[in-house]
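Next up: some structures, all given as structure tokens.
There are two complexes below, and they share subunit A, which is joined by subunit B in the first and by subunit C in the second.
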Partner chain A sequence: MKKSGQEKNRLPYQVKLSCAFMGLGQLFCRQFGKGLLLMAVEIGFVLFLIFAGVENIVGIFTLGTKEAVPIMGIEGDNSVKMLAWGITTVFLCILFGLVYYANIRDAAYTAEEIRKGNRVRTFSESCRTLIYGKFYFLTLSVPILFVCVFNIMPIVFTALVAFTNYGGEIVPPKLVDWVGLANFGLIFTVSEYAVTIVKIFGWNLLWAVVATALNYFGGLGLALLYNAKCLRWKRFWRIFPVLAYAIPGFITLTGFRFLFSDGGPVVGMLREWGWISEQFTFIGFDSKWSLRLLGFFACAWISVPSVMFLATGILSNVNRDMYEAASLDGANAWQCFVHLTLPFVLFATMPVLLNSFIGNFNNFSIFYFLRPEVTYDTVNYFYANNTDLLINWIFNLTVDKKLYSLGSALSMVLFLFMAIVSLVVYMRSPSYRKEDTYK
Partner chain B sequence: MRSVRKGCVCLCLLLATASMAACGERTQNGTFSYEELMAKFEGGIEQNATIRVLDNQMAIETGHLQEILDAFNERYSEYNVNAVDANMDQYVDLEQNGPDGYGPDVLYQANDMLMRYAEGGHILPLPTEQLDISAISEATMDAYLLETYGLDLYYGMPVAQQSTVLTYRKDLLPADWETRWDDDRNGVPDMVENLNDLYAYSLEVKEASGGEKYGLYMSLLDQYFNSEYLLSYGAYVFGETSEDIGLNAEGVETGLNLFRDMAGVLGSHCISQDATTQAATYLTDANGTAFCTIGTPDWLMTFRENLAKTYMRAGDDAETAARKAEENLVVVAPPDLPKDGNVKKELTNAAEETFEPVTMGGVNAFAISSYTKYPKASLAFVKFVSEYENLKWRSEALGAVPAREDLAEELGGVSEMLGERVAGGKVYMMPSTRDTQYIWPPLSSMFNDVATDNTTRDNPKYTTKESLRAVLDKLVEDIRSAMALGKS
Partner chain C sequence: MSKNSSVKNRGMRGRTLLQSVAVWALVIAVSLIFAFPCVWLILSAFNAEGSLLTLDGFFPSAYSLDTYIKLFTEKVEHDYVRWFSNTLFVAAISCVISTVCVLLVSYTMSRYRFKSRKQMMKATLLLNIFPNFMNMTALFVIMTQFNLLNNLWGLILLYSSGATMGFLVQKGFFDTIPSSIYDAAILDGASDLRVFVSITLPLSKPMIVFTALTAFTWPWSDFMLPKMLLPDKSQWTVAIGLNWLDESQFSVFAAGSVFIAVPIVILYILLSGYLIQGSAAGAVKE
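This part shows the complex of A and B:
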């Protein structure tokens, strides 16, 4: 028995061969098509490593060793491209590793089939199994691959840029260097950045909370109003939020900017009526709270209709019996709203609410379009204004001032914060904790 | 499975070792002689070359660029060279796009931008012995001089000079201007000769029209034009090095206070970048919304075109409208400034109490991208556009002030006036260094802050000399911060 157990634990030689070289085990299992294909993959990968892959991976560490001299036509290393190619190669290595692992598992499976005395699958049978038996795998692997290429790789690239000195005066043909956590240190220690980040972060948080609440309760209120029995011509009234929702946001914001600019009709009328002083401006160098309030208003104008549509759909599923029972127990309209409507809507919309919070936290367009003048309030901020959100500041630093590495470091801090907040809020939400409540 | 794990670990170690072992020393590419640097321009023009030319928006809109491209292609037809419009934004960033293989082969930009590229190695030094630079002043050429590999090399072929001029509508002058607004009886309205009278006239127009019309209309955020108020009272951008920033030099607060006073009469509508484009409309509309504006000489062509359209809408035929527009739009030197900085006072002897301002200037040039595949064809194009006759053609078509002194003299008018101002040291050339990029945002922000102070601020902050000095000191501090962080 002991001997038999040892034999059982020992790896079949086909698996060992597949460990040594992809496809070799399959060849010895007489699966020639699959074996040759896997061998071709490994040969291709090894050739790729020899001719480019190793150099690409080395490039991630060095970020180039030879500086180009464009005026002499002397080509050199482009650190940014090397970083991008390096990341791509690492991803290809991971992909190859996964294929290698699959190859070993396949060899082990086939060896086991042989040991059991079963017939070995032919190449066409293996293909059929993949198409029909593991269709989910085939269909999901393509989107995953695309997610890796178009989402994860750029994110990794941006994240790695945060650890370099890329940007400002260090752009190709100059070589970029790894600087470790220096950029994060700069953000929190250099007074210009530290003061600006504290001020903007405080405002950004307030903006996200207030704008989300405003949009949410505004939309819910509107939905309840349109749901009210006493309201006549409901379809007619619903046209207006649809219009506000259908017009592209930046057009609405440009309209708001025109209406509330110093020479615009709103300011003109308010001045004429004596409601504001001659000096008052909504959009000016000194405008802070007036423009912030205008921002909340514009954001609500754009976002409330979408929440209203969502809430209208959810409210149509409310169990009316609960309200009847509540009214029999003597509950008034407010109590019904607080204890019945709100928990029900909140339960159903918590993920949307969270999404709205993240969207508002990173709401780039509102103040970008409301305050288009490219002058910064350098008295109090570094390349920013008192209405800028973190995302606007990152834009100023990266697109406008080309401080890429600092922008990346800020983006990472922002990402970490949002990821933690989103996870904590979601884990504590009724949607997650009381999943079965309304089932 | 243990052997699989071992294999994976071995593979990782192998890759890591290979990577670390390959981490070599970074190498520089030594120095080069003048002959080596210019070798790419030797020999005949490349056959079948297509060169992308980036010119300014006005050259494209007026059709001049296409005309010059056609003329060049015809001249070099034996080489089958095809020069085409690069069809890119006129402020395309070669630093960003060049290494990626985008960008033009030949580009036309101002000296601060081009020399930023030169410092980064993105444009080629030019073989000046092959170019006709004899009629270009040393000061103008020096805007494109950069020491590279121990050699004094020029990176641009100067074509046009830029500085500030005042453009006004003669037909909008008050009927009694000769008695009321020409104290020195020299036949030139006082309000275009000195800023005190322009201030007074602007105030009068504003009050009479209930704020609907302007005497002077221009953007109060434009750092380039408004820097005149600082430079005229002793400011300078950089001294010997960019460490020495002189925008807060002694006495500059007087000029800043003058700017603040001007902002008060121009009003909050001018605190906008849009005001620069609005000026073209306000100066040329049928209502005569603005009497004058301060800008660059090449705006004149747009103004003339707009005004001619206005006259045509009023019933004039095209020829009459064009003639009237040409007659009524007058370009003069920027108005003299009060020596004591008091723009509100009435002058008793303008010649004694005012002085000629110092304005910011620049030199626009054609340069060749380092990333061009056709350096010889590109150089041929630069030579072609800088020929005397072609420069004259350009100046006449675009209203640009030529960099060539002999041509400026021949053209007379604005070209000659500006040439004299440059020769007289009244034009401060934008420093030809990449550090210049750090001065613009803080400067614009300061102008915004100070202009707001005298227009829409409930409690003005900059009412004393000390407060204005403090804001200038803060400006320099901000520029230093931006510079330090940009280089960190």
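This part shows the complex of A and C:
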């Protein structure tokens, strides 16, 4: 206790100066280049705050106070724009805080060096340490900036919109307001939303589980099939799944839509053979299970090959001795598969399985492309259809019906659910816990 | 004794014969399932008349090259050449930026230990759950504020940052390179950048090919982001353009699809070896 007090007393004056104003301490350490640069950054930031920043941050709280009256030529506040710039300003403040912290750390470091009697680093030396000593800083800073702007900022924006009444009638030039948890309350209490969300969630869960299992075991089965000893021209046969893998998804799905549409060849053929009634449609206003099954088929067609590649690569790493030992002990092919191949592959592909589940849960494109016109089943659903997944519903609400706040609130609920599921799975996965096995 | 074994032998042979018949039948069936829609689409592109309804059963009754000629000369109704060059521009530049970013980030995450590294990986995992187009409204507003609406560079930035978020696969690969290889080079006084360029990169050729290929195909075949951010028809990419066509222009859709799919199919077939190695290397963990 006493010692730390003494340390505090001995806090070098350069550090105090750097705390007071960025770069000042560095100047007193005779690091002029760095000091001036840091001072310029602080001056720039303060100027930014004075001219725009403070206003932007206040804007987040008020979301605009002056409503526009176009007839009288009064230009009002644009709440949405204010929200976007407010978030940007907060991000900049956090960034500035980090730089400020680094500046104090740097001053402390240099002061310590001076106390020890070492020579102070020149500006070019500092630059070199940054490049060579902290390689990770160099490689990560630009990507992190990108990710902050294009991935994190939109998420923050969506999260904030979920607590406003933005959407429907209330879009700029009208003023948007904070409404707290009202949107979340709406989703779970108003019966038409609640019924829709329960129905869609049930189907969505079923879809994700079945589609993931279908892709996974289909891919594994295909990999084993193409590995069979009696099969020749393996490279030739593998071209077909590559074909399916390579064709862009929107082409495949639109192709399937044409193939199975009412005027398309498959329905025509089946009708001619008398296998289906005249009313039957794959892709129609009220087709439910036929379209769902078609969705599973299309999803498998697209995704099975990628799992197959993965499994083929993994199977080539399987230790052959295990199988020899097993067959000496009298195990048949099926037993070998269940007790040797499956555990090995499952273990190796746990993270992929998780990603595939998340991808399928949010598989927007399948039913977006398969059902051509936006038609809503207004009896049973609120702006949704019997094949829509949650993500499709969110799309309908935001893009088609412009109910932004409601869509954002739903996005947040969906995000929370997926985040909990995957964090739990990920933390338990061996690849996270034993990352350094190979090192 | 000998009789017994020959019976058993014959039984075995019968079973393997049955097995190989089953394998061949399955392989042919699977190949047909994968090939049929492609063949159908390619032949439809040569349909002499444009509409889906003019198909006779599955296939056209008369073939011609008209659709292809129309595809490349028509400018007013559908400017395919423009769409195609837009797509190529976005995909090529995003491919280069993404590959560099992903490789650097995944290498850094795999080799260096620094503060908040684990937190960053967890954060990435969380962010990956939230696909970009789930916050369509937010992206639209933000891109409008940055003046990146109707701008192909806006797409390029989004694809590059999105691809960077997927660095965990490549990190899994770099994790398998033993650190003893690096130690020797560092003892010899090589800088970090030097180690990366002359040791890591040559060792990870399959991974680089895999990364570049996936970084190219995503923008090449993506639909959602261009649909949202490029309302102006002259900036459209092929995906939006083709989706916009209806049943009466089915053969135009088919012909346009063939042109967008063929380059990538050829690339994939040529590089399928890398693809298998790459996707497995990123996943295998014990």
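Points to keep in mind about this one:
Throughout what follows, the second predicted complex is superposed on the first by the 415 of 439 C-alpha atoms of A that agree within 3 Å, B and C clash if a C-alpha of one lies under 4 Å from a C-alpha of the other, contacts with A are read in each partner's own complex, and residues count from 1 in each chain.
Definition applied: a residue touches a chain if its C-beta (ideal position, glycine included) is under 8 Å from a C-beta of that chain, and two chains touch if they have at least 3 such contacts.
This is a predicted model, so every value here is computed, not measured.
On the shared subunit subunit A, the superposed partners subunit B and subunit C are arranged side by side without overlap.
Once the two complexes are laid over each other on the shared chain, residue contacts for A:280 go to subunit B alone; subunit C is not touched.
Contact with subunit C, but none with subunit B, is seen for A:391 once the two complexes are overlaid on the shared chain.
In the superposition on chain A, the chain among subunit B and subunit C reaching more residues of subunit A is C.
Look at A:263: by the touch rule set out above, it reaches both subunit B and subunit C.
Using the contact criterion defined above for the overlaid structures, shared-chain residue A:85 touches subunit C, although it does not reach subunit B. Once the two complexes are overlaid on the shared chain, A:112 sits clear of subunit B and of subunit C alike.
In the superposition on chain A, no contact is made by A:324 with either subunit B or subunit C.
Using CA centres, the angle subtended at subunit A by subunit B and subunit C is 80 degrees, rounded to a multiple of 10. Once the two complexes are laid over each other on the shared chain, residue contacts for A:74 go to subunit B alone; subunit C is not touched. Of all Cα pairs spanning subunit B and subunit C in the superposition, the closest are 6 Å apart. Comparing which residues of subunit A touch subunit B with which touch subunit C, the overlap comprises 263. Of all residues in subunit C, those touching subunit A in their complex are 16, 19-20, 23-24, 26-27, 30-31, 33-35, 37-38, 40-41, 52-53, 55, 57-58, 101, 104-105, 107-108, 112, 114, 122, 125-139, 141-142, 145, 157-158, 160-162, 164-165, 168, 172, 175-176, 178-179, 191-193, 217, 220-221, 223-224, 228, 239, 242-243, 247, 250, 253-254, 257, 260-261, 264-265, 267-269, 272, 275-277, 279-281, 283-286. The touching residues of subunit A, when paired with subunit B in their complex, are 11, 16, 19, 54, 57-58, 60-62, 64-74, 76, 78, 93, 97, 101, 104, 165, 168-169, 171-175, 186, 190, 192-193, 262-263, 277, 279-281, 284-286, 373-379, 382-383, 401-403, 406. In the complex of the two chains, the subunit B residues touching subunit A come out as 3-4, 7-8, 15, 18-20, 22-29, 32, 36-37, 40, 95-96, 98-99, 120-125, 148, 221, 268-269, 271-273, 370-371, 434, 441-442, 444-446, 448-449, 451-452, 455-458, 474-475, 478, 481-482, 485-488.
Residue ranges of subunit A in contact with subunit C, taken from their complex: 80-81, 83-85, 132, 135-136, 139-140, 142-143, 146-147, 149-155, 157-158, 161, 222, 225-226, 228, 230-231, 237-252, 254-256, 258-259, 261, 263-265, 268-269, 301, 305-306, 309-310, 312-314, 316-317, 347-352, 355, 358, 362, 364-365, 369, 391, 394-395, 398-399, 404, 407-408, 411, 414-415, 418-419, 422-423, 426, 430-431, 434-439.
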